[in-house]
Amino acid sequence: MLIVENVVKAFGSLVVLDGVSLTVKPGEVVTILGSSGSGKSTLIRCINGIEKLDAGRITVDDFDVTKPRELAEARKRSGTVFQLFNLYPHMTALSNITLAPIEVLKRPRAEAEAEARALLASVGLEDKVDVYPAQLSGGQRQRVGICRALAMKPRYLLLDEVTSALDPEMTSEVLDILAKLARDGTTMVFVTHEIEFARRISDRIVFLEKGKLITNLPTAEFFSAAGGLALPRVAQFLSKMQKA
Amino acid sequence: MRLDLSLLIPYIGLLAEGAVMTLEIAVLSLAGSVVLGMVVAIARAGKSATMRRIAFFYADVFRNVPFIVQLFFFYYGLPEIGIYIDAFTTGVVALSIAGGAYASDVIRAGILAIDDGILEAAEVSGLSRRKIFTLIVLPIALRTSVRPLGSVLINIILTSSVLSTITLNELTGQARIVSSDTFRPFEVYVVLLAVYGVLTYLVSTGVSMLHRRLNRDLQPEVN
Amino acid sequence: MRYTDFTPYDLVLLAQGLGVTLWVFLVTTAIGVTIGLVWGIVRFYRVPVLTPVISFVSEFLKNSPVLVQLFLVFFGVPGLLHVDMSPILAATITLSANTAAFIYVIVVSAIESVGRDQIEAARAFGLTRWQVLRHIIAPQAVAFSAGPLTALLVNQLQVTSLISVIGVMDLAKIGANLNLRTLKPFLVWTAVGALYYVSAKLIALIGARIEARLRAYAAFRGL
């Protein structure tokens, strides 16, 4: 279980997360929606321990990310995919994927490489094993980024606007992979602007507004007139995004 | 006024010996500079305020005091405190320390230029601080530093001529011998200048090739 | 010579050495800046033959050791041309030429920093090349080159220490004499190094002041 309890995070005087609570059960796909600056990405960055909390608690399978001793264990249980890919530029696709399994999980190199090859093949990049990030397209880079996160066999996959830097064609090649992962039962926390896609794959949808969690509903309910759409801010957001 | 370079032909072997020693000194000093520069760059990026201050002080002092003064400080000073090392070692040590002050700046700039996102990706994957530094930060910083480190190497080669003042017979030292043997200083030093020019030209060409080779994967081809 | 301890007069010697160093620095800087500017202007006017020759000479001076250039002028030229050459004259010629080579590079890149479109626009309005240089390029180029110029001068101050090798009684030479006489290398070279360091810092400070003022002026003029 991934549990976020009353998390407060501020940058200077700007409160970005204001008492957010959220629970993600194994096997669930939870999408976080909200306009820019609502705190979605910051929430992801708090879960994987990049940002320190000002108050509250986050536990990943009972390991508390606010405790330095437990952070390493918590991080082993979650994997992050970034908006701007953040691949290691000096390493091949294969090495990008095997680095952490070999160095952190102490897996034998041959084993880690075999798994990485299988992962790359599963996202259609079997011919890009020895290629460097700069020689890949944006969509290909992000697919490697997903493989890198999956190689650690995380219990929770954190996806931070993973298609925002991609054009529509590349976006769909990445979304197809995420849809497949969702079908396979991968637990995901998904920050996105792709509303239609979120509607298709999510079990629940969470809406953030100015650092506060406004709704947390099953997907069908979120998009129903009596549920999420009854909230003026949600309705406004959805109509704005659909126009865009 | 006549210029007769043929009289230098018997001395080609001697000058070649000097050139080999100059290259030996330059390569060893570059290695020393890079290692020292790395340590200092790490100290300057580190957490300890004392270490940061010491590292800054070192880089500042050795860039603002003439090399010949640094060299004499070590050459005449070390025996006084019971450290007896030969002129060659003294020269390499002095050049490494002087070059390290510049190399530390270069490497530091390379470290600071690394995208935060890449470091965050490494951090959340569970890599320790030390692993992140040795496997991600240093390799990236060193690759982007190839060109400026090439300038440091060229400076080391040019500065190594000063080692002739502590009895070392590198290229310039040998040329001084040839000059006093032949009584033809003009010819000797013109040729010497040309040799240094060729040497630095070859080094800068080599550095450009190395830079392109190491960074060929970093050139964005598609996007 | 008898080994003796320091005397109060040694302070006077050090002051004299520092005076010689600073004097040589100032004179060669003035000459070097003038020559470098002229070279830069020659290039701006694309004078045939002269422009490539200047580029070559500048590259040559930048890529060979100053010490060897000093030897060529001090030992080589008198034999070739049958003229007398004092250490101070050889020092002045060599350091001026060396400074000019680096000034030339700064001038060229400063002129290039002013966009080609600006120059073409001014030419289209009927301004002569000289008017363009005087009214369009110079004010911007000066602000651009203040930083690199300061860095160069700090470096050239240190380069002056090499003239001690051909016997000019500058700060480094006084240091060498005191070192031989007192056999206290650490003390002597630390004192000499400190004097160079303070002088270098002073140059950097003055340079930074002038740069700040130029920038403020450029901002005021809306450049």
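Here the chain labels run A, B and C in written order, and each chain numbers its own residues starting at 1.
To be clear about the criterion, a contact is a pair of C-beta atoms (placed from the backbone, for glycine too) under 8 Å apart; a residue touches a chain by one contact, two chains touch by 3 or more.
For clarity, every value in this text was computed on a predicted model and none was experimentally measured.
Trainee: Does A-B or B-C have more contacting C-beta pairs?
Mentor: Result: the pair with more contacts is B-C.
Trainee: Find me the chain with the mean Cα position closest to the mean of all the protein Cα atoms on display.
Mentor: B
Trainee: Measuring between Cα centroids, which chain is at the maximum distance from chain B?
Mentor: So the farthest one, by centre of C-alpha atoms, is A.
Trainee: Roughly how far is chain A from chain C, going centre to centre by Cα mean, in whole Å?
Mentor: Inter-chain centre distance comes to 58 Å.
Trainee: In whole angstrom, what separates the CA-based centres of chain A and chain B?
Mentor: That pair's centroid distance is 46 Å.
Trainee: Using mean CA coordinates as chain centres, what's the chain B-chain C distance in Å?
Mentor: 22
Trainee: So which stretches of chain C touch two or more other chains?
Mentor: none
Trainee: Could you pull out which chain A residues touch chain B in their complex?
Mentor: 48-50, 72, 75-76, 78-80, 82, 84, 86-90, 99-100, 103-104, 132-138, 148, 152
Trainee: For the complex, give me every residue of chain C touching chain B.
Mentor: 59-60, 63-69, 71-72, 75-77, 79-81, 154, 158-162, 164-165, 172, 175-176, 179, 183-186, 189-190, 192-193, 196-197, 200-201
Trainee: With touch defined as at the start, can you tell me which chain B residues reach chain C in the complex?
Mentor: Residues of chain B touching chain C: 1, 3, 61, 64-70, 72-73, 76-77, 80-81, 154, 158-159, 161-162, 164-165, 172, 175-176, 179, 183-190, 192-193, 196-197, 200-201.
Trainee: Inside the complex, what are the residues of chain B that reach chain A?
Mentor: 115, 117-118, 120-127, 131, 135-136, 139-140, 143, 217-223
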